[in-house]
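Before I ask anything, let me first share the structure, which is written out below as C-alpha cells.
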Amino acid sequence: MTYLTGKNLFAAYGAVPILRGCSVGVNRGELAVIVGPNGAGKSSVMKALLGLLPSKGEVLLNGKDISALSTQQRISLGLAFVPQNNNVFPTMSVVENLEIGAFLRHDDYQTTLDEVYTLFPILFEKRRQLAGQLSGGQRQQVAFGRAMMTQPTVLLLDEPTAGVSPIVIDEIFANILALKEANKAVLMVEQNAQQALSIADKGFVLVAGKNAHTGTGKALLSDDKVRRDFLGG
Amino acid sequence: MPSFDNILNAFILLSNFVLLPALTYGAQLALGALAVTLVYSILRFANFSQANNMAFGTAMAILLTGFFQSQGWTISGFPTALLVIPLAIVITIICLLLTDRWVYRYYRINNAKSITVVMVSIGVMFIMGGLVQLIMGPEQQIFADGARFIWTAREFKTFSGLSEGLALKTSQLTTILLALLAVGLVFYFLQKTKVGKAMRAFSDNEDLALLSGINPDKVVFTTWLLVATLTTIAGVLFGLDKGFSPLQYHLLLLPVFAAVIVGGIGSPLGAIVGAFVISFSEMLLTYAYKKFFIYLLPTSLEPDSLLQLIGTEYKYAVSFVILIIVLLIKPTGIFKGKVL
Amino acid sequence: MKINKILGVTFVVSLSSMALVNAKSVNIGSLQALTGPLESLIVHMSASADIAAREASDSGKFLGGTLINVARADSRCIEADVAVAEAERLINGEKVIAIMGPNCSGATTAVVNNVTVPNGVVTISPSATSPALSTIEDRGFFFRTVSSDARQGQVIANIAIQKGIKTVALTYTNNDYGKGLSNTFVAAYEKLGGKISISAAHEDGKADYSAEVAALSASGASVLAVFGYVDQGGKGIVQASLDTGAFDSFIFADGMISDNLTKLGAELNGSWGTIPSNGGIADEKWQKVAKANGVKIGGPYLGESYDAMALIVLSAQAANSTDRMALKAQVMKVANAPGEKIYAGELAKGLSLLAQGKQIDYVGASNIEFNAVGEVQGAYKEKLIVNEQFETIDIH
Amino acid sequence: MIEIVNLSKHFGGIHAVDGVNLTIEQGSITGLVGPNGAGKSVLFNLIAGLYPPTQGNIIFAGEDISTLSADQRFHRGILRTFQIAHEFPTLSVLENLMMVPANQLGERLGNTWFKRKAIVLEEKNNQEKAEEVLDFLQISSLKNEKAGNLSGGQKKLLELARTMMTDAKVVLLDEVGAGVNRTLLKQIGTAILKLNEDKGYTFCMIEHNMEFISRLCNPVVVLAKGKILTVGTATEIKNNEAVIDVYMGKGQH
Amino acid sequence: MNNLAHIWQSHRQAISILVMVFLLAFVGINQSWVLALSIFNLCLISAIMALGVNIQWGYAGLFNIGIMGFAALGGLSVVLISAPAVPVAVSAGGMNMLFALFLLLLSIVLSVYLSKHKYNKGWVVLSLVAGYFAMRYFYIDAAQAIEAVNPSKTGYLGGLGLPVPLAWLAGGLLAAGAAWLIGKITLGLRSDYLAIASFGIAEIVLYIIKNEDWIARGVKNVTGLPRPVPLEIDLQQSPWFEEMVLWFNQSSLSLLTEAEKTKALSILLSEYSVVFVKLCYSSLFLAILVALIIMANLAFDSPWGRKVRAIRDNEIAASAMGKNVKRQHLQIFVIGSAIVGIAGALLVTYTGQFTPNSYQSLRFTFLIWVMVIVGGSGNNFGSVIGAFFIWFFWVESTPMGLWLAETVQNFAGTDNGVSAFLQDRAHFFRYIFMGLIMLLVLRFAPGGILPEKDKKL
C-alpha cells in the first residue's frame, strides 16, 4: 500500500469515458511519473485524485479513504497540485499568489516564503508584479512556489516542464528531487518522458484510461515495447 | 482678464450645478456598480436584479425608519435612516443569501452557462420588483429627516460675499462620505485581508482557488455579504437624496450597468470610474454654459445662446452614446474587464 | 364560419340573460391606470370615484334599490394594448353599463377608438386632458370631467403676465400631457409678450434631475414653470432647484398641486399654480365628502373622478334603465342645466328627483357643465403657497 | 506553397511564436514537432487565420494572406484540424461533412425558399460525396450518429474526413494521431499518403508520434520556444543534439 | 403519474395547444368571447415578436435586449407610411429636413467606408460626429418650422398615406436597417457587452422618437391611424352585414316580437361588428405568423440552417471550415430584428395609435424574453406557445390578482387588514407571477415547454 493511492479509477467527460479502471500510487520520499499518449487520461488521473473530476474508485491517503472528501478537504490533508495551464492568479501580485498558497495555514509562513524565494530568486525580484505579466516559465515557478507554500506531503505536478527552457527544466527536476528527499510524495504527469522516467522511482504508462505498463523508471525506459510505442524511439 | 471674484463665481456656479451633484450621483451609482461588478467577477453573471435589490434594501430601511421614529429612537439633526442602515443591511443580507440558496446555487453547482444565470436574475428582478411594490405601494416616500442642509446657497452667499451660492445638503455630504468609506473599506478588504484575497483569487481562477484550499461556499457567502451591504447603502443614500419609489429604482438599472460596462465589467476600480464617467458626462454635456462664460468672458463677448452642447432631453441617451463609444474604442471597458 | 355561429348563439344567450336581469345589482367599470408611471396619483382618484358609487348604492334609491358594483380594471396608462383588453373585459366580461376612466390620454384614445365606440359604451374620463380628445370621433360616447389642456395653458399665461412675470424657464414631463400643455402655454405666453428662456422636457421616474435644473437655471430666468407630476419628475425638479438655490419661485400646473409638494419646505412660499375647479360651494361640499370618506385631498382630479362616476350613476337613473344606449342619451341632460343643482354628497337627492321624473343639473365636485363635445369648459383655481399650504386666491 | 516570413505572435509578455521563417513546399508533407508550449498550435492558428499575427507575413501561392480572415483563407484552400477535435456536436456525422463544401446554394437564405429543387439536388450530391468519404475511412456506420457522441479517436477521423470534403490545397493537421489506436493510426497515415499522392494535397502536421512522422513526413521542422530549432528529415532530426536536448530528452540514443 | 409524464413527453406540442385553447375558451365562456379574441390577437402579435427573438437567441446565441427599440421602429414606420401627410408642414420644413437627413446619411456612408478600409476607429467616430453637426445646422430650422404647424393636432410631417400592409413591410425594413447598423457596430462584442449595448441603443432610439416631434409628434402620440379592416360603426350600418347577422340568428330572432327584434338586432349588430373586425385582424395576423414560421422552418431545415447550427456549436471550427461567422450573425440579427419590427408595426396598427411612451423595457424587452425562455428557445413553435401563455397571463394577471385577493377576503373576512391590503395592491402580483413562472421554467424545464428538437437528417 502506497501513501497516496488511486485504485480502479473510472471517470468520463459526459458520455466519453476517459478513465477506465486505472490505478496509480506513490509513497513518501518517492517520485512517480505518469506518461502516455495525449488523451490517455494522464491529467484526468490527477483531477480524480484531487476530487476535481467526479470519478468512481478508491482514493486512499495514508491508508484512509478520502474519495468522499471535497477538493478543499483533500488539500487540507496535505495534497498540493500544480496545474499545467492557468496555474496562477493573473491579476494578483506574485507575493499574493504565494500567500494564497498558504491560505489554510495558520502558522507563520515566512520561512516557507523565504525557501520559495531561495529556490526561485526571480520570484523575489518580481514579487510586486502581477503574475499575469510574467512569462510562461516564470508563471510555472509561481505555481510551483504556491504549491510549496501549503507544506504538502503529496505534490501532484501536471507537466511541470512544459514550455520551460531546458536550463530551468534541469533545475525543476532538481527541485523535484529535493522535494522527494524532503520526504514528500511526488506524482507528476510528464510529456518529457525520457528525462522524467530517468529520474523517477516509479512510472505508469497509461493508454486509453488504463494502465498499459507499470514499473520502475529505469525498467520502463529499457523496455523496448514501451520505448517503441510511447517514447517515440 | 476676468477678475478673481468672477473666476471664483464661475467655479462656484459650476460646482453648485454640475460638480457637486455629479459627485453625489456618481457616488450613489458607484456603490451599485461595485455590487454588480463583484457579483460578476466572483459569481460570474450580470445581475439584472441589482436595482430592485437596492429598492428592497431601501424599503427595509424605510420601514425601520418609520418604526424608529414611532418609538422616538432618533437623534436630532441626524438622518434616522442612517441609524437603521445596519439593521436594513442584515435583512438584505438574509434576503440575498436566501435568494442564493433557493435560486442561484442550483445553477452554480450545475455549472450552468453564465447567460442562463443572467436569465434567472431577470426572473429574480421581476419578483423583487413586485415584492417591493407590494410592500411599499406605488407612492413616492420621503424618509429623510433631520437637517436638510449643512448650509444653503443663500447662507453661502452671505458668508462668502460672492454672487453665486454653493449649497451643501446633508444627504450630499453623507453620500460622499459614506460612499468614500464604503468603497475604501471594500478595497481594503479585497486587497489586505485574507478573505478578500481569497475572493480575488476565486475571481481570477476558480479551479486554482479550490486547489489552494479556498472554500467556495465561504467566498460566495462573503460576496453576498459585501454585495448586500453595498446595495443597501447605495439604495438608502440614493433614497435620502432623491426620495424612494419602486419604479424609479428599477430605472436605475441602466445607469448602473452603463457604469459597470464603461469601467470594464468585473473590475472594481472600473465600476467606480465608470460611475463617475457616466454622472459627469451627463452633467457636463447637458449643462448650459451661458452664465459660466458670462463670468469668464468680457462683456463684449457675452454669449447669446445657452451654450448647451446637447438638450437635457437627451441626458440619458448621452450616457449610452458614451457607453457605445467606449465599447467601440476599448471593447472591454476602460479598465480591461472580463469576458466569461 | 362555424366559430362565428357558436359565438352568435352565446350572444343571444347573453342578450336574453341581460333582458331578464332582475335589477338587483349592476356593474360599473372603473378603468384606472393602477400600475405604471401615474400609479401613485391613481390610488386616490380611484378611491374618490368609489365614494360616488358607494354613496348611490347605499342610498337604496338607485333604480329601485339596485346595488352598484365597481368592476376594477388596470389600464396601465402607457400600455394601450392592455388598456384595450381590459376595457373589453369590462364591457363583455363584466357587462358594465358604462366606464369611468381611463386616465391617460394615450390609453383613453385607444379605448375610445377600439372598444367603447364600437361597442356603444359610455366612457367618462376624469383626467385625460389632451386637446386632441376634443375632436376624437366618439359618436357621443366619450365625455371628460376635465377641460382640455388648451385652456389651462392660456390661464397660466394670463396669470403670469398679470403678475408681471416677463421671463420664465419651462420644464414639462415628457408625455402627451406635459408636452401638450407646454405647447399651449408657450403659444399663449409669447403672444402676451412673455419670453420663454428655455423649454426642457424631463423624463419621469429617473434618478437625478440636477442636469435639468442646471440647464434651466443657466438660462437666466428667475421663475420656473413646472408642468409635471408631483410624485414623479416634477418634484425631483423642484427639490433639486431648491437644493441648489437655482430657483425659489415656481409656477405649477395641475399635476403638481399636492400636499406632497408643500412638504418640501418654506422656500416654496409665494409660488403659485392652477388646478381645475371652480371652487366655491361645489368644492367646499366635495372637500367635506372626501374628508368623511377618508380620501386624502389636495391631489389633482379627485373631484373629477367622483363626478365621472356620479354622472354614470345619475344618467342610468335618468334613463331608468341599465341599457347602455339609453344611458348615453341622458348624460348631457343630467350634467347640464336646466334642473335642480346637485352637489357632491347629494346623490341620493338627485336620484330621487330623477326617479320622480324631474330634471337635475349635476354640479358635483367640480362644477360640471359639458360643452357640445362632452367636456367641461372648466375654470381654474389659482393657488398660492402660503405658510407651506396651498391656498386658493382666485378663480379664472 | 506557403511562405512564412518573420512571423511573430505575442500574448501579453509571452512570445508564443517568435520570428519564424518557414517555407512549406507544394506537395510536401511537413512535420512540425517540438515540446509542449513550443508554439506549434499557435503557428497553425496564425496560418489558418484564427489569430492575427503580431508581426510578419504569410504568403500563400504568391498572395499575402496575413490580413485575411479564417473563412477567407479556407476559400483559398487552407484547412485546419484541431488537436482537441472541434466537431459540431449537435450535428450528425453526415451533417458534419455536408456542411463543409463552400458556397453551397442552400446556404443562401433566399434560396431556401425559392430554389428548393436545386438545393435538393445539391444536397444529394453532397451526401453522396460525404458517404464516399465515410466509406473511405470505414466509418459509414456512424453516419447518423451525433458527432458529440463519438469517441476521441472517431472525432479525429471526422476531422480528417472533413478535410476530404473539399478541394483543399493545404491541410494543417494538429495531432491527428493523438488518442487514436494503432490500427486506426495506420489507416489515417495511409489516407494521408493517398490524398497527398492522388489529389496533390499539401500537408503540414503537428505530431508527437515519431514513428508516424518518420513514415510520412519530409521535411520535419522542430519548433522550440516559438523559434525554429532546425529543419531536416526525420532521421536527421532524431540524431540532432539540440533536438534531443529540448525535445526527445537525453538518454534516448 | 409516470404514464402522464410519458404522455406529456411524447405529445408536448398537442397538449400545450390544447391547454391554450382551453384557457382561451375559459375566458370566452366566463368573461367574454370578444375578450378571448382580443387576447388571441395580441398573443399572435407577441408570438411574432417572440419568434424574431428566438431566431436571434435560439439559433445564433445573440443576446439582444434592445427588442423594445426595434418594436418602436416598426411602430414608427406605420406612422411614416400609412398616416396621411401634413402638406403645410411638408412645405414648411420638408426640404430642409430632407437635406439634413441626406447629410446624416452621407456621414454614415463615409464612416462605414472608413471603417471598411481599416481606418482608425477614431476617424469613423469623427466623421459621424462631424456629419451630426452639419445635419444639425439645417435640421433645427426645419424641425421648428414643422413643429409650429398646428402643434396640438399635427406638428409633424405626417406619413405617405400608403396602404397599411406596406407599412408592415416597411416596419420590418426599418428595423432591419437599424439592426444592420447596430450589428455592424456591436456584433464584435462579447455577449454581456452586446446585451448592454443593444439595451442602450434601444433607449437612444426611443429618446429620438420621443423628442423629435417632427417625425411622429413625439410624446404627443399619433392617434387614429388607418386600419386595414373596416370600422365597426361602418359595418353596423352596411346592409350586407345586417343581412349576415340576421341570417346567423334567424332561429333565435324569429321568437321575438318586432319591437324586441329591432332592439336585439342593434345589440347583435354591435357585438357582431366587433367580433367581425377582430376576426379580420386575427386572420391577417395568423397568416403572417404562419408564413413566417413556414419560412423559418424551411430555412432551418436547409443547408443554411445546418450552417447556422454548426456556427452555434463551434464558432472557431465553423470559421476554419470557411463559414463567415460574423456575417452569419449579422444576417440573423437583422432578420430577427426585422420580424420584431413587423410585430411592432402590427401592434400599432391594431391599437390604431403610436404612443412612444408605451415602449418600456419591462413590457417590450423582458416580457418577450420570458416568452422565449418559457416557450423553449431554439424552437420556433415553442416561442409561439410561450408567447401565447405569457401574454395570456400578462393580461389576465389583474383579474387573477383580484381573484386571489377576493379568495383571501372570503377566507379571512373583509375587516381584516390583510385582505384590504391585498385588494389595494392586487395588481402588483403580476410581476411576481412572471418572475415565478420564469424561475420555475428555468429550474425544472430549462428547455422550456417545447424544447429544441433533436435535428435529424
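A, B, C, D and E label the chains in the order they appear, each numbered from 1.
What we mean here is this: a contact is a pair of C-beta atoms (placed from the backbone, for glycine too) under 8 Å apart; a residue touches a chain by one contact, two chains touch by 3 or more.
Quick caveat, the model's predicted, so the values are computed rather than measured.
> Trace the shortest sequence of touching chains from chain A to chain E and report its length in steps.
2
> Using only Cα atoms to place each chain's centre, name the chain farthest from chain E.
A
> What's the distance between the Cα centroids of chain C and chain E, rounded to whole Å?
The answer is 30 Å.
> Using mean C-alpha positions as chain centres, tell me how far chain C is from chain D in Å, no decimals.
Going by mean C-alpha positions, chain C sits 74 Å from chain D.
> Please compute the C-alpha centroid of chain B, do the same for chain D, then give the distance between them in whole Å.
From the centre of chain B to the centre of chain D is 51 Å.
> What are the residues of chain C that contact at least two other chains?
Answer for chain C, listing residues that touch two or more other chains: 35, 43, 174, 201.
> Two-or-more-chain contact residues of chain E, please, as numbers and ranges.
210-211, 424, 428, 430
> Going by the touch definition at the top, which pairs of chains touch each other?
A-B, A-D, B-C, B-E, C-E, D-E
> Contact residues on chain D for chain E in the complex?
48, 50, 69-71, 74-75, 79-80, 82, 86-92, 94-96, 98-100, 102, 104-109, 111-113, 116, 119, 122-123, 144, 162, 166
> Can you list the residues on chain D that touch chain A in the complex?
12-14, 35-38, 83, 148-149, 151-152, 175, 178-179, 181, 208-211, 225, 245-246, 248-253
> Can you check the complex and tell me which residues of chain E touch chain D?
Touching chain D from chain E are residues 295, 298-299, 302-307, 309-310, 313-314, 316-325, 331, 335, 454-457.
> In the complex, go through chain E and note every residue touching chain B.
My answer: residues 61, 63, 121-122, 125, 185-186, 188-193, 195-197, 199-201, 203-204, 207-208, 210-211, 362, 366, 369-370, 373, 424-425, 428-436, 438-439, 442-443, 446.
> Show me the residue ranges of chain C that touch chain B in the complex, using the header's touch definition.
Residues 35, 37, 39-40, 43, 174, 198, 200-203, 205-208, 210-215, 217-220, 231-232, 235-236, 239-240, 243-246, 260, 263, 265.
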